[in-house]
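Below are the structure tokens for one structure; questions will follow.
Note that the chains take the letters A, B and C in the order they are written out, and that residue 1 is the start of every chain.
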Amino acid sequence: MFDNAYFNLGYLDTLSYKDTFIHRLDPRTKFLSTLAFVVTVVSFPKYEIAGLMPFFLFPVLLFVLSDIPVRIIMKKALLVSSFALFIGIFNPIVDRRIAYWLLGIPVSGGWISFFSIMIKFSLTITTALLLIATTSFPEICRALQRLGMPELFVSQLLFLYRYLFVTAEETMRVVRARDMRSFANKGSGMKAYIALVGTLFLRTVEKAERIYQAMLSRGFTGSLHSMRLYRFSTADATFFCLTVAAMYLFRTHDLVGSIGKLAMGAF
Amino acid sequence: MSHHIVEFEDVHYRYPDGTAALKGLSLRITHGESVGIVGANGSGKSTLLMHTNGFLLPQKGSITIGDLKLNNNTRQEIRKKVGLIFQNPDDQLFMPTVFEDVAFGPLNLGLSPERTRECVKEALETVGCLALAKKPPHHLSGGQKSAVAIAAVIAMQPDILVMDEPASHLDPKSRRALINLLGHFHHTKIIASHDLDLILDICKRCVIIQEGKVVADGPAEELLCNSRLLEENNLELPLSLQKRNLSSGGTMDEITKLRHLLGHWAEHNTEHARTYQDWAKTADSLGRKELAGLLRKIAEETTAMDAHFQKAMELCR
Amino acid sequence: MHMADALLSPAVGATFWAGTIGAITYCSNKLNRNMDDKLIPLMGVLGAFIFAAQMINFTIPGTGSSGHLGGGMILAAILGPYASFLVMASVLTVQAFFFADGGLLALGCNIWNLGIYPCFVAYPLIYKPLVNSESSPKKITFVAVISGIVGLQLGAFSVVVETVLSGRSELHLSTFLLMMQPIHLGIGLIEGLVTAGVINFIRSSRPEILQGASAARPLSGSVKIRKVFAGLLIAAVLTGGALSWISSANPDGLEWSIEKASGRSELPKQERGIMQALKSIQDKTAFLPNYGFRKPEVTEDGKGQPSWPAIETGRSVSGIVGAAIVLAAVLLIGIIVKVLRKKAAG
């Protein structure tokens, strides 16, 4: 359980240090494009399905341009604890009015809105995962800082990221030591959990003290300077403009309906 | 003005929980010395190191580093002179990438971004890690992490390097690389370690600490041969001396001691010869023919010395 | 209990993002002014600790199911409200990115739901006034459980409100509340017990940590916290009100803004051929009659909502055909680009 979650995390992190066209884009470009994408997708009304289809183009292009293995991201997207699924499944139960007949099968409004939620869910989750698979987390943090996030919060994110892997590895060792010696439901209960978390907490505080000393010994006076230079290149401008233009087109024009009509007309 | 770069005078320190860690420790270290600090667990080594950077201040006695007496106001200045390398590089590498981490110190010293860039490049080159500049620390191996931690400290150009167990988590090859690297530095070095072979390789002088006091101070090669003294301090003979069938216990006579040392030196000699050869190849590949030739010559002469060592060892029998 | 992008409308998502960013900025400014530098690495490493602790499961007594820690209450008890809120926000941000818990737009809601209530309601109004350094472990347990329950009840309530306001789910407010609140009563109880356990553990082994941290927290009375919270609430309501006014006055927010931006200039009408055909088809079918934000109001009756689509069979079939073609085209484009890239590389 724990091991799996941790290795998944590490794999996604490793992917983000690849070097492709998409990886090289300015993190702000990718972050803003993704945000625009998510907002556009969720702005579709409750019963929309067809209009969402063209939006699959964005994740598909990201997949192929950045050499990210599709399987890994899909697997992660499926694993996401699906609050959307849990809530969405009530739609077909509550809303049973028939919206239309499809090849003799009645389709209720609830099912349509449920599928709309699930499509939005897969679009937004996949794109969010692709963002982190193509942009290393420190870069995302610096992008957030450039976009106006307070420095203290950004340094908090950077520290969390840096020590995530160290702490998770330590935790993994302690959890293994617990699981090795617990059988059936004995040993993995709350009492052992509290002692385990308490011990980890104390170690964490001691670690923080040592880190602070290491910072002081190198002249820390309260600020984490950054030396990264980011430039908004032509590639960035092109990528961003194309994304936004495409999304504008997909959102305001009924591409799917038109193509469908055309295709039906051809027969 | 003292000609000593580090001077501890009758330093006492007691932790808030009542443990007395230093009980009148005195120690003088001059420019360019390499000093190994050894002793049992809890003897006060770490406490001593924490004092060199002013994380702890002496409750009694005084510490002078360079021309400055250590106190609350001089801590910042002293930290510019003394580079402290922590036992666990994960504590020391706290920035998201190697480059940013090494740049942390120089930027805090107020260097310009351009100057910082040069400093970082130079420091990473010294430890052979320039290629890792863009990586996050959690993608490095143990050896790489400790090399980068050293780069992060030398980028600030300190006069003194202080190290706590620098090789405790390294595999033998990385450990050897670290020893070679430290051997090339001309800084004053203070190294606390249980790894007596490492001390023997890097340090000319050794200080043994027991219950917060210096109990022995002298040439490393002499102190580290004294198995009785070592045993009293929960230590044992360095492996490189053990494997030459040392009769257990007791102090060796001078000739036996010399024989062991000769064996030790001979081992190093062979190794140095190999290093010269390796570098000759590197110089070749860079097109520096003359340099390569010279290195080969040095290597040959070094190898030739092997015979002298063997002869001397035989004479010691 | 992570809110998800797919259940949100842009207006609700943006509102909670506004509130969350306001809270983050406020806390950062507050801490910057009078903070011990020591807190910077401590907060960071504690974030990593909470992150890791959340990944450990434990068996809940008597149920056989497993639970894990939220962490907001522990952090608040150790670091005080401002620092603990920033740590919680950072933990949720990293989760949103690496585990896609919820998503980017929902992150604002999630930070609000899981950060604001424990740090700015449960801690200053319940935990802090009742617990001091002399409190007995039993009292700490009792207070922590109450705080844990209050924090999670408010969080769960918030999730319900966000979902219902967004109008993507058919669940009625009352049903939804009946479903969410009792579950989170249990989760809150567990959270409180674990929080109390860990705090008592720390108090018995390293009490100075709790005292040291409390000295570092710049908290000057709970009155101020109430003010802060009220301020945030007002800001959120104002933003939300403004956004929902825009979206209800203009059924399609995006189109509305686009029209404004383009100055209502209509496309020239002299297209021919396919363009003409496409346009006439679109004019006739108007397949997407009510794109846009749904009016974010709480509807108790659920029936006869304005967003009910008036779809005829003919149109929906063309929609399905079109959708299939578009999906196939998307995949094809993907495959072509991949092949081209391989060729270029090889």
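As a convention for this text, a residue touches a chain if its C-beta (ideal position, glycine included) is under 8 Å from a C-beta of that chain, and two chains touch if they have at least 3 such contacts.
Protein names from UniProt, one per chain: B = Putative enzyme; C = Cobalamin (Vitamin B12) biosynthesis CbiM protein.
Quick caveat: nothing in here was measured; it's all calculated off a predicted structure.
Undergrad: Pick the pair with more C-beta contacts: A-B or A-C?
TA: Counting C-beta pairs in contact for A-B and A-C gives the edge to A-C.
Undergrad: Which chain would you call central, comparing Cα centres to the global Cα centre?
TA: A
Undergrad: Just give me the whole-number Å value for how far the CA centre of chain B lies from that of chain C.
TA: Using C-alpha averages as centres, the distance is 51 Å.
Undergrad: Report the inter-chain centroid distance for chain A and chain B in whole angstrom, where each centroid is the mean of the CA atoms.
TA: Centre-to-centre distance between chain A and chain B: 45 Å.
Undergrad: So how far apart, in whole Å, are chain A and chain C when each is placed at the average of its C-alpha atoms?
TA: 14
Undergrad: Specify, in ascending order, the residues of chain A that touch 2 or more different other chains.
TA: 13, 137, 158-159, 161-163, 166, 207, 211, 215, 220-221, 224, in rising order.
Undergrad: Multi-chain contacts only, two chains or more: what residues does chain B have there?
TA: In chain B, 94 touch at least two other chains.
Undergrad: Using the touch rule from the top of the page, what residues of chain C touch 2 or more other chains?
TA: Within chain C, the residues that touch at least two other chains are 41.
Undergrad: Going by the contact rule at the top, pick out the chain B residues touching chain A in the complex.
TA: Chain B residues touching chain A: 50, 53, 55, 76, 79-80, 82-84, 86, 88, 90-97, 99-100, 103-105, 107-109, 113, 116-117, 134-139, 152-153, 156.
Undergrad: Over in the complex, which chain C residues touch chain A? Could you list them?
TA: Going through chain C, the ones touching chain A are 1-10, 13-14, 21, 24-25, 27-29, 31-32, 37-38, 40-49, 51-53, 55-61, 64, 69, 86-87, 89-91, 93-94, 96-105, 163, 167-172, 190, 193-194, 197-198, 201-202, 205-206, 209, 253-255, 258, 274, 277-278, 281-282, 285, 287-288, 290-294, 302, 307-309, 311-313, 315-323, 325-327, 330-331, 333-335, 337-338, 341.
Undergrad: If you look only at chain A, which of its residues touch chain B in the complex?
TA: For this pair, the touching residues of chain A are 13-14, 17, 136-138, 141, 158-159, 161-163, 165-166, 207, 210-211, 213-221, 224-228.
Undergrad: For the complex, which residues does chain A have touching chain C?
TA: 1-2, 5-6, 9, 12-13, 34-35, 38-51, 53-54, 56-57, 60-61, 63-65, 76-77, 80-84, 87-88, 90-91, 94-95, 99-102, 109-110, 112-113, 116-118, 120-121, 124-125, 128-129, 131-132, 137, 140, 149-153, 155-164, 166-168, 170-171, 175, 185, 188-198, 200-202, 204-205, 207-209, 211-212, 215, 220-222, 224, 248, 251-264
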